[in-house]
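Look for chain A in each of the two complexes below; its partner is chain B in the first and chain C in the second.
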Partner chain A sequence: MTRDEIISKLRDIMKESTEKPVDWSTVSGESTIESLGFDSLSILDLIYDIQQEFDAEFDAEQLVSIQTVGELAEFLSSQLA
Partner chain B sequence: MKKLRHLLEFALAWSGLKLIRVLPDLMITTITVLLADAYYGLARTRRQIAYRNVLESGIADNPAEASRIARHSFRHFGLVVIESLTSSRYLTEETWQDHVHLDLDAESERWIREDGRGVILASGHLGNWEIAAQVVSYLKPVSGITRVMNNPYVEQLVQRHKPRNRFTLTPKRDANSARFLEAIRDGKILAFMIDQFAHDRGMMIDFFGRPASTHTAIALLHLVSGTPLIFGYSRRIAPRQFEFKAFPPIRIERSGDKQRDLRSILDALTRYLEEAIRESPEQYLWAHRRWRVPAQSSRH
Partner chain C sequence: MKNRRRVVVTGLGVVSPIGLTPSALWDSISSGRTGIAALRAFDLTDYRVKIGAEVDNLQLEKAAQEIGLRLSDRTMDLAVIAARSALTDAGHDLASASYSGMDMPVIFGSASGSQHSLYDCNTRFAEKGVRGLRPTSVPRCMANAISARISLRFGLRGANYVVASACTSSTNAMGIAFRMIRDGYADRVLCGGSDATFDPFVYGGWNNLGVMSKNPDPLTACRPFDAHRDGCVLGEAAGALVLEAGDVASARSASIHAEVLGYGESSDAAHITRPSADGQAAAIQNALDDAGIDAGDVGYINAHGTATEANDECESAAIRKAFGSAADKTPVSSLKSYLGHTLGASGAVESVATILALRHGLAPANLNLSTPDPACNINLVDSEGVAIQGSIAMKNSFGFGGGNGVLVLCGVRA
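Entry: the complex of A and B
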């Protein structure tokens, strides 16, 4: 799966998970996860959804420093490789 | 006006702490019980909340027993505060085992003692939760979350007097998933209280047969990180003597349905809490409004 494909899939997952109205067509790798309506606690919901959707088992602790959609995509890309 | 009230409260707290330092334990305990009884008599609303909670939980089967448990619960809370401020007199790295009896499930004990292994510890407002955190911090560093007092002067004073050992507290406003995950990554025990009202962000979980809004973060953390999740608590068995008990780790059959899995985990934790409360009902904080109805529940 390419980085762009991962970002596209992430966009779909985030759309389902967030309650904030977001113009998803403008969301790119540089968008911060916080700006998409994920606060300090709802981010756990997002991590769960990502693990389920990507069928990926990874240590959630590794996500501590991730801030943007692009960083998340790169992390997932490394996990899925 | 608010500042004046805060300063007056600070003066009272400061004098109280000075007294605690010079008075013998027995006298401190007696004064605490008298003050708790006086508060029980005066604080009508709190008293009624506690009484009703005991009765409606089925813990007491008659009004007289419910009153007795509610009154003792007030005394107990007073003692929790005093013990938390004075425990450094007798709970040290060298002496804590003379004052604490450990009753740990074998598997939970292995997780708690394993170096570098993060553990999520769930507990409730039962027994002395401050002592519980201190005790486990002798086994592994503990990271907890605290509600900061409204009075900043008293807050500072109390924090200065609380023994910490390897027990660090994060104010509730600064608590976030990154900090939780960091604590797990660093091999700490991440401690949560599971019986706090979660407003409209919680999941309604039956607690003594009545739905109570319950925070889901602890269950989500367990699901996403696979970190062992253990329920434990400490109760007073005699003056300066405590028991710390840890139940077997929570295990659920994962369904892949997030809401269902969260509910299974929170149900299991709540059953452990109920079991622990039934063992020492006088040591539970019954005056807490645990069954408030959230404005709008998001996770039924």
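Entry: the complex of A and C
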């Protein structure tokens, strides 16, 4: 799966789990996850949804330093490799 | 004791199988339209009872979209939309840029709480064990999730909790709200109830309990007080009301829908599911005493009237016991044949309908009452409805576990 494919899939998952109205056409690898309406609690659900969708298992703690959608995509890419 | 304040109703909101606004609800009731139909929520192949009263999904999605609500747990979705409607109806402009929340407790009732979230968690747990559980399972499924979500979404500061007493839940919630204001602990309270009972697990429990009608015809299955009734039919709904101190409502020139005159409660302490006429009559008497009125002052009784054999006969005996000869003239009807039994939401939704009945001076018809049960020796409204004398009505709610709650409401004529 390419980085763009991962970002596209991430966008779909995030759309389903944020309460915040977001213009998704403007969301890119540089967008911060916080700007898309995720806080320290809801990001746990987001990670859960990502794990289910990508069928990957990893510790949420591994994602502590991740800030942007692009960083998340790269992390997932390394997990899926 | 502090000085008792008048308590008025300034906001009404409903999400029901027969309408998502109070006026749509009343239109359906006054034209004798039921919300009971073939169930569509999930595959009912293995279920004995395949009918119920569901909220229309298209209307629900539209209502959610209008307020920017992403649908999640159905019980909470219904509650949030009803709450928002009641707050707006009470004159609070939640969309205004200057809105920054209010001091307003949120007291909601529910029989089963966020059962769809629980079902989802249980299903995932069964599939994958503990690793299948969402990290947010606790805040999604906790028993107070409904009031918490409403408080959070609308910035309502004050007490926030959920009352659980089965089918009496939202009547208890309204009674608590009434006392909070009357006794000076709050100026206004958002109260109500919500239950979205149609998931394969909770509804399966009801399916197996044996209290639901075996009649497969949605139009005639639910027959409160009829000699040929054979059980209840379930429904899903949420109802919300803003109760407010009379002086506070007058000071802001709020429209007043009704006044809450009194509230009574009791527990049967007899059987977990079988009702007791003594227990129910005690709650009715407590409500009359609390309101400071005589039974003869009540112009309409909106019954619990579930259409189970046990409830309707027992409730009739309880009314007869508390009302004495006044029961000969006070018209009684049940809305379960329109709404289905909406469990913990029924008290709130049916209170909204009762307030509308007082506004229009019309006691709604008992749908499907073709042969009144002689064991129900009370003045049952026929299929035409009947004019309400005076402006006072009583709302009864009785629940599994033996908890009984009764409200006395005074309406405002249109």
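For the reader, a short list of remarks on this structure follows.
Here is the rule we use: the second predicted complex is superposed on the first by the 81 of 81 C-alpha atoms of A that agree within 3 Å, B and C clash if a C-alpha of one lies under 4 Å from a C-alpha of the other, contacts with A are read in each partner's own complex, and residues count from 1 in each chain.
By definition in this document, a contact is a pair of C-beta atoms (placed from the backbone, for glycine too) under 8 Å apart; a residue touches a chain by one contact, two chains touch by 3 or more.
Remember, predicted model here, so these are calculated numbers, not experimental data.
For the composite obtained by superposing both complexes on chain A, the positions of chain B and chain C are in clash. When the shared chain is aligned, chain B and chain C each come close enough to touch A:41. In the overlay built on the shared chain, the residue A:21 is in contact with chain C alone; chain B does not reach it. In the overlay built on the shared chain, the residue A:63 is in contact with chain B alone; chain C does not reach it. Set against each other, chain B and chain C touch different numbers of residues in chain A, with B touching more. Touch criterion not met for A:55: it reaches neither chain B nor chain C.
Residues 41, 44-45, 47-48, 60 of chain A touch chain B in one complex and chain C in the other.
Looking at the complex, you find that chain C touches chain A at residues 68, 70, 131, 134-136, 139.
Within the complex formed with chain C, the chain A residues making contact are 18-19, 21, 41-42, 44-45, 47-48, 57, 60.
If you check the complex, the residues on chain B that touch chain A are 118, 175-178, 181-182, 184-185, 201, 217, 220-221, 223-226, 256, 258.
By the touch criterion given at the top, residues 40-41, 43-45, 47-49, 51-52, 59-61, 63-65 of chain A touch chain B in their complex.
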